[in-house]
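For reference, the structure I am asking about is given below.
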């Protein structure tokens, strides 16, 4: 659902369009918890330990050094969808998570693709041995893009926004875990006492140690107090800032022409050094056929194409291409609470997964440019469990399992049990329609009838993605937009699902228990072991019929040099190192 | 005349209330849940969902929501669900593009349509007339979206003569006609073709009618040269009413703009409308609908008034 | 005049020689437009009825290895992104286009005639109220309204037909009402009333038969518009859902392949154009035949 959000948020068709732009599937999710950018990526990465308590992380020295500016100057024209707003606290669009990475910063950020916490505005950060106090030492030379002085005041101002009594949104668990946050929210205190600032130092005290504090609180994009201090928290999104914001990132927003383009220019006083490019122009296209023509004629310098279009660019000397890992995984989803069909039976779901010939789908639908998928977590992230059960193509096994459940093949090839045919409806969007049509015959082959399809627009689809409102659907989930632990919780932790609208009805007490233990884990190693166990169980239960992750196919003009990237988000995250020559 | 216009303007008020109630009813009875579509699934908790519904006013009873929405619409404070931008501002940003495109399409449709219609009327039932008839028939039978794609395929993808999308070159702003010219050619053709077809047919038949009229016969019998007859008498009497049909074709133009702006990635109101529909951005849909209705009503009024100017026999009662 | 154009249909008929005296069928056969348009429509209808035997392939049969093949002997119009035969899909697509076109117009005509006759017959405040209602509908941009309604309420075929049909009723209602108003002062209506016929009887037995020509012409001219509307909705992903192939949907499918596979979008659009031209030809011709002098627009 989240992945779909990307496009859907703004425009239903977008879904299809963005996917096309983004290389058939580059879609991530609505919300990136955190993706500030510095050019220091390569050197700033400590170890996984950075995120666990009682450790110190030190940023690598200067960013400018990391990417010796070979050819400063120039302009790049890129293609990205239109965000809803450029205000970090309000945007729900995936594209904003990309934009955010080159216009703003948080105290720390997540490093792609393994999603480990690394320093950003904070040069160093430490956690006390009990994991209840974090200290951030902010970089001394940070400036706001309007020239305003940056200080720890801004950090306190931003974090307090999330706990502000006048903020209509309720506090999230991790903010509520800050000492004094609840008192502030309840108007019993004038500020959040657990956030102490002095000079370049920010010290935050927690009620209890939390392994998710850094990834949900410390990564928050910082807002300029000098601009927003007199604005009521409920009105931030209505302020002019939302369309022409001021952050601390390497590029600043010059102009947003609605429906047309957003222009960014280099922020010369960026604290890690000036980016190479002078200017970025982001063009906004509603229709998938439009960016392609512009890419080919050189109007666009960079964009993402579909597998069908990729070959042409790959063999053309005027273009450089990169195949990025699929960050959006697609899967079949079932309403397990359904009483008519056996969606609640683990063996049924396994049979469905065994029926899908992923290799054929990848070669037929994506010219081989897709990876088979067997799990929700991206294999690139630190939580992924490579040894979790996989139910690969094995139709004989599917038939065996369905026979075992008592569904016998009827005269027309569709299975029947107690007079009920194994034939159910599938809700699809225009994006998933063709893909599902290619899967249909594979399910038919094991005696499952899925010819009833209901293609709806994105908005309708979102409202039907809930138990009791569909039988089968095809869903996509983007990794790397948020903390990978949250990816898993969103789908397997039943209280989290219940709060957000449950699509499957999956509930496993043991899994819920393991999530609770993981939230209290003292070390990253212990946490990883617990998440491995969660995936052993959930993937073993075959919560979803995982299908494929289409690769993201980047095309850029030869004269543009992009950073080496594994995933799409890195392309934008590394924007300061882009060169045009 | 002045009194007539005022009366017509007053009559628009109940009609607009009807339009707003109808559009609002369609939206309010919708099964989908905009809060769910807008909510960020990551941050969404049971409480934040309730807060969002309250913020959007989704829990108020229907008539209350209607009253609240309409009063904020009138004061200009109505905001998009999705962007929190004032809807009037969003429309203000997009309106110039749509107006420019509409004006160009009207210009294109009128000039070419009149030309074709006149040529046809001068040689009725000839080969030329047949070609013209076929042209206008094709003109209003052709699907906008397909026509647009075919033009893009030919002139942008194959020949590379014209850009396939956008309204001005990268980095340009403002309204420099020279810079923008290549960008508006294809959209103008697609949007103007329907109009062209109507105008050509209208002009052909009203010219033929005029050429049959007594005053034309009189002119002829006075021994005036055929060209003078055509230009002075028939043309003048049959072309003035043409202007008025543009007013009645506004709905056609607005509907066409939805498709054309979408296919050519033009930042106009039609595209804003499509985006809003798919995002369930009800305040935007509602405002654009009412806005278009006002445009259509004023178009009709202008057409009726102009028709009276063109044909003094009409009296306004 | 204003009234005519506003009703949104097609153009003013030309002043052709009046051939009133001859029987209707002779006049119809004598009209080139009717004959040409009807021939195309009949061929399309035949394609729809016999799609099963005419189409070389199952329209939904995928051969994933044969994706996006250009026109060849095996696939005269090429294959699409799932390796389905474009020709077969174009042939099967006639069902959706004609089906939606004709059934939605039937709805338009029933509602439009009902309201038009009621308003014209009753007159007074009933007429005023009904016509204001019609005006409300007329001033809303129809395609935008449909996009909203179909997106919100979903696009199953029956709903879609109903929506398209309803959205076009105001034009029909106005034309019928105008015709009723012109018939009301006529003697046969007065005579029927004098002998005590109920209003219902007057409307059904006396008014309706006289409205047939205008209804037929208006309906025919609307079929093309309805077909285009369905295709437009399909283009935005909101038309008739699969597995039924739809021309609008096929054009939309081809958008992403304009450069590598022009045939995917081109042929279904061409089919659309030809069928709509044919319905308009028939409509134009019928108008000339039924009432050459009246010059009614749709």
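Note that the chains take the letters A, B and C in the order they are written out, and that residue 1 is the start of every chain.
Just so it is clear, contacts are C-beta pairs under 8 Å (C-beta built on N, C-alpha and C of every residue); 3 or more make two chains touch, one makes a residue touch a chain.
Predicted model only: the values in this text are computed from it and were never measured.
**Student:** Count the C-beta contact pairs for A-C and for B-C, then tell me which is higher.
**Tutor:** Counting C-beta pairs in contact, B-C comes out ahead.
**Student:** Please identify the chain with the largest separation between its CA centroid and the CA centroid of chain A.
**Tutor:** The most remote chain is C.
**Student:** Go ahead and note the Å separation of the Cα centroids belonging to chain A and chain B.
**Tutor:** 40
**Student:** Mind checking the centre-to-centre distance between chain A and chain C? Centres are C-alpha means, answer in whole Å.
**Tutor:** Taking the mean C-alpha position of each chain, the two centres sit 46 Å apart.
**Student:** Using mean C-alpha positions as chain centres, tell me how far chain B is from chain C in Å, no decimals.
**Tutor:** Going by mean C-alpha positions, chain B sits 22 Å from chain C.
**Student:** Could you tell me which residues belong to chain C and also touch two or more other chains?
**Tutor:** Residues 151-152, 236, 252, 255, 258-259.
**Student:** Could you list the positions in chain A whose residues touch two or more of the other chains?
**Tutor:** Residues 12-13, 287, 289, 293, 296, 457, 459-460 of chain A each touch two or more of the other chains.
**Student:** Among the residues of chain B, pick out those that touch two or more other chains and give their numbers.
**Tutor:** Where chain B meets two or more other chains at a single residue, that happens at 31-32, 149, 152, 157, 274, 277-278, 280.
**Student:** How about chain B: which of its residues touch chain A in the complex?
**Tutor:** Where chain B meets chain A, its residues are 31-34, 36-48, 51-52, 54-55, 79, 82-86, 90, 93-94, 97, 149, 152, 156-157, 160, 163-167, 170-171, 173, 262-268, 271-272, 274-275, 277-280.
**Student:** Can you check the complex and tell me which residues of chain C touch chain B?
**Tutor:** 1-2, 5-6, 8, 10-15, 132-133, 135-145, 147-149, 151-153, 224, 228, 231-232, 235-236, 248, 251-252, 254-255, 258-259, 262, 265-266, 269, 272-273, 276-277, 280-281, 284, 295
**Student:** Of all residues in chain A, which touch chain C in the complex?
**Tutor:** Against chain C, chain A makes touches at 12-13, 16, 20, 287-289, 292-293, 296, 306, 308-309, 312, 360, 363-365, 429-430, 433-434, 437-438, 441, 451, 453-457, 459-460.
**Student:** Any idea which chain C residues touch chain A in the complex?
**Tutor:** Residues 60, 62, 64-65, 67-68, 81-83, 151-152, 154-156, 236-238, 241-243, 252-253, 255-260 of chain C touch chain A in their complex.
**Student:** Can you name the residues of chain B that touch chain C in the complex?
**Tutor:** Residues of chain B touching chain C: 14-15, 18-19, 22-23, 26-27, 30-32, 124, 136-138, 140-146, 149-150, 152-153, 157, 197-198, 201-202, 204-206, 208-209, 212, 241, 244-245, 248-249, 251-252, 254-255, 258-259, 270, 273-274, 277-278, 280, 285, 288-289, 292-293, 296-297, 300, 303-304, 307.
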